[in-house]
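Paired with chain B in one complex and with chain C in the other, chain A is shared by the two complexes that follow.
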Partner chain A sequence: MAHSGINVLFSGSNFDRLLVGLWTSIWIAALSIIIGLLIGTIFGVLRTMPNKIIRCILRVYMEIFRILPSVVLLYLVYYILPRSLHINWPGTWMAVLAFSLWVAAEFSDIVRGALQSVPLAQKESGLALGLSKMQLFLYVLLPQAFKLELPATINLATRVIKTTSILMLISVMDVINVGQQIIEANNQKFPTGVFWVYGLIFFFYFILDYPLSVWAKSLMAKQK
Partner chain B sequence: MSGRKIFNTIISVIAAVVVLASAYMGLTKPYLARSAGGSGWSNNNSVTQIKRRGYIRIGVYGDLPPYGWVNSQGKRVGFDLRLARELAKELGVKPRFTQLNGNNRVDALNSNKVDMVLANFTKTPERAEVVDFAHPYMKVSTGVVSPKSHPITSEKQLRGKQLILLKGSTGENYFANRPGIKLLRFDSETQQFNAMKNKRGAALADDNSYLYAWIKKNPQYVVGIRSIGPHQFIAPAVKKGNKSLLKWTNKQINRLTAEGFFKKDYQIELKPYFGKGIVPSDILLK
Partner chain C sequence: MTEEILKVEHLNKFYGDWQALHDISFNLKKGEVLAILGPSGSGKSTLLRTLNGLENYKNGEIVFHGKKVQPSPKEWQAIRQKIGMVFQSYDLFPNLTVMQNILLAPTKVQKRDRAEVEQEAHHLLKRVNMDQYADTYPRELSGGQQQRVAIVRTLAMKPEVILLDEITASLDPEMVRGIEDIVKKLSENDHMTMILVTHQMNFAKRVADQVLFLEKGRIIEKTPCEQFFTEPQSERAQQFLTDMDF
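Up next is the complex of A and B:
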């Protein structure tokens, strides 16, 4: 088994490099989710307001970002935006920007849906108790909406983690990009290395996403 | 605890371990897979400004041995990389590499992500409209590989025989207009080379630089026709209109060619990958 393909993972610093690539994917996903959730919450709340213009603008924003494939969005943000706006951040931060905007769009709809599905009686009881609008929001609507939106939010998070796999398009050295380097560099020595490198990447993504999806499932079961 | 619960707990523990391990590596050894660095927007990437800022941003390949790839220590190496480091040394600045692929080389220049592209970039009239090419340092053309037992050494010998080709390659363009040759087209490099091994055709035509490397692994074949059809040139490219850097690069390519730098580069980076009988002049200009 001197030339078995699995050795490709452990020759030189290949395994460490894949882990470094994975960390890039993880922190970009995590930061984008956090920023996206914050902005998304604000947008979602605004979308339940009576002001038609704000609602319309945010609705258009949400639809655009939801329809646009992430590949197109990344390309626009990384290659087209700098030309017209003259900003030039590193690829990793551009990725965080693109993903945050996307998460915000998706999450704003989740928040809106959750807020609107809090039973009307709850709202009226709150008002009857003499709560101000702000208090009603903080103590009655948000806590209840939070529970309702949690499973959908976790699903969104798993999607963001999976989508980091397209980051190689904008020269970010994520785990897929590093994997590609290793495969091509070792093609001669380990012809079956492809299988092992992609196998490990599969394992990485599975191990990150599976616990999240189990969590979402158990939360949904509890709500029923 | 049920079986499923145990499974889920184990998975979660492994997940935590993987995340922590990657975080540890990512935070302590980021140099193993460094991402493209950015810089403030500036349209002026003249030689003086590059010198002043202390680094030059060069777009390279990361997955094309032996031209631009990453070895198992995580270091960028290859024929193009040696040239890139030489140019940076001459400027007295540090090179900062951004990994590109075939599709984003033009955009990386035009969106000011890199100052120069050294990524096996073939000069074509279409590309020359949108970026500025410096003097070339390598030439490629279509070559024809055939079994050593039935070598094909001239186009005449191909008449009435099957020729294996890659769709969209320069070779396909050339042979599409030649009379009397039956073409067998494939979608990928792997497919076409497998077809050759399975004797689906008498010969296979592709970029000669790939064929030279392929016969190293498959010594029962020979590149009978080393060059056919028009030559194409591989050159450094800079952003359209960056006259200062273009002029400087042209001067450097001339100097390096005269000093025999590319021959040395060939001996170190390319020769180990090429089959027997290939000489520097097959791929270098002088």
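Up next is the complex of A and C:
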């Protein structure tokens, strides 16, 4: 029994190390989502403005970051920034930067779509009360858009959390990377350890993403 | 002589090549209620919406309190605090409660003291029998109730002129009377200056002092209200009243 694979999780500090790795994945995802949502909101608002040049630039930005596979984006940030711009950040920061840019791109389109589906009458009714453009967005349009965009935003968040699993490619000690190390170190002692380690990682991701996914679904059902 | 509050001179408006308003000129005295009447598509609502800058115009002048309005977004934003508007579809903000809807512009735009505006809002809501709904969201209210709130929301800005754009057109018939009563009282008790666009001749006849009759974007006649409904000057207005079964 001592050599049953499940014990790999509890030998030494393995379980704690996995939790620390999970925490790294979580904070990178959370921080990227927060920064991405803030920038994405601004970009989304700008994309509803009449200025064609700004709209065009942001559209191109959005398309590029949406089309690029996350891995490519991650490598680009990780290798180009230090070499070309001499920015030497830790891998975790690079990850936050890459993911934030990606979330901002995706979210800008969600915000634009939601803002455009707020009825024009709401805008006019706000203007007729003397609200400035800024106040109109802040108190009237964005809160209404927020409700419309919530399901899509939650789905985006679940995708970001899942995509943190590629962080090991730029040597971030995320939960996958830690798991991989544990598997390799314990290969002799626990030959079936790989099953248990990845089983636990599966369980972690499931616990993080499933409630979000259920939440998004119930919101969408309500909106119908 | 009562003070002239709003004057429109030789206003022309185009949608592309199509001219929506032709050489519109009229004036409005303090405390006066002007009804803009005319068949569908005559430009009534368009004219009303140019008066608070929701529509732009090609040339002509709008003069407010003797000062020509420079048609810039900033100037319109300032003037809209004095020229309020109530819409056909009420257009309350669904993300805010009744009270928040009313407080938004006075506190954020006019930067007035919140407690003071709130007290005033309760007073205004009481006047239209809506005070018990202060913390309700608009979706829980009937159309007539929402329109009452929309009127209060505009009044809370302390406007000098109120534009009423078909405010009874979306309401159930039994709600119409209540809204008309509110407008009537605003005119009689508060001497509020108002311009209303409506298809309901009874409403215009009850509350208006003057009638501006529009057709195809042109003013056909401007006549004191009573006279308009008994002996309109133009044949076209006569025909219109007959068509409206009036």
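We take it that the second predicted complex is superposed on the first by the 222 of 224 C-alpha atoms of A that agree within 3 Å, B and C clash if a C-alpha of one lies under 4 Å from a C-alpha of the other, contacts with A are read in each partner's own complex, and residues count from 1 in each chain.
Heads up, the rule we're going with is that a residue touches a chain if its C-beta (ideal position, glycine included) is under 8 Å from a C-beta of that chain, and two chains touch if they have at least 3 such contacts.
Not measured: the values here are computed from a predicted model.
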Partner chain(s) touched by A:D16 [first = chain B, second = chain C, both, neither]: first
Looking at the overlay, does A:G130 come into contact with chain B only (first), chain C only (second), both, or neither? second
Using the touch criterion from the header, give the chain among chain B and chain C with more contacted residues in chain A. B
Where does A:Y79 make contact in the superposed view: on chain B (first), on chain C (second), on both, or on neither? first
After superposition on the shared chain, which partner residues are touched by A:I87: those of chain B (first), chain C (second), both, or neither? first
Touch check for A:W27: first (chain B), second (chain C), both, or neither? first
For A:I110, select first, second, both or neither according to whether it touches chain B, chain C, the two together, or no partner. neither
Using the superposition on chain A described above, determine whether A:M173 touches chain B (first), chain C (second), both, or neither. first
So in the superposed three-chain picture, is A:I201 touching just chain B, just chain C, both, or none of them (first/second/both/neither)? neither
Using the touch definition from the top, say if A:P143 reaches chain B (first), chain C (second), both or neither. second
Interface with chain A, chain C side, in the complex: residues 52-54, 73, 77-78, 80-81, 84-85, 87, 89, 91-96, 104-105, 108-110, 153-154, 157
Enumerate the contact residues on chain B facing chain A in the complex. 8, 11-12, 14-15, 18-19, 21-27, 29-30, 32-41, 62-65, 69-74, 98-101, 104, 107-108, 110-113, 217
Complex contact set, residues of chain A against chain B: 11-14, 16-17, 19-24, 26-27, 78-80, 82-83, 86-93, 168-173, 177-178, 180-188, 204, 207-208, 210-211, 214
Per the touch rule above, chain A residues touching chain C in the complex are 121-122, 124-133, 135, 139-140, 143-144, 147
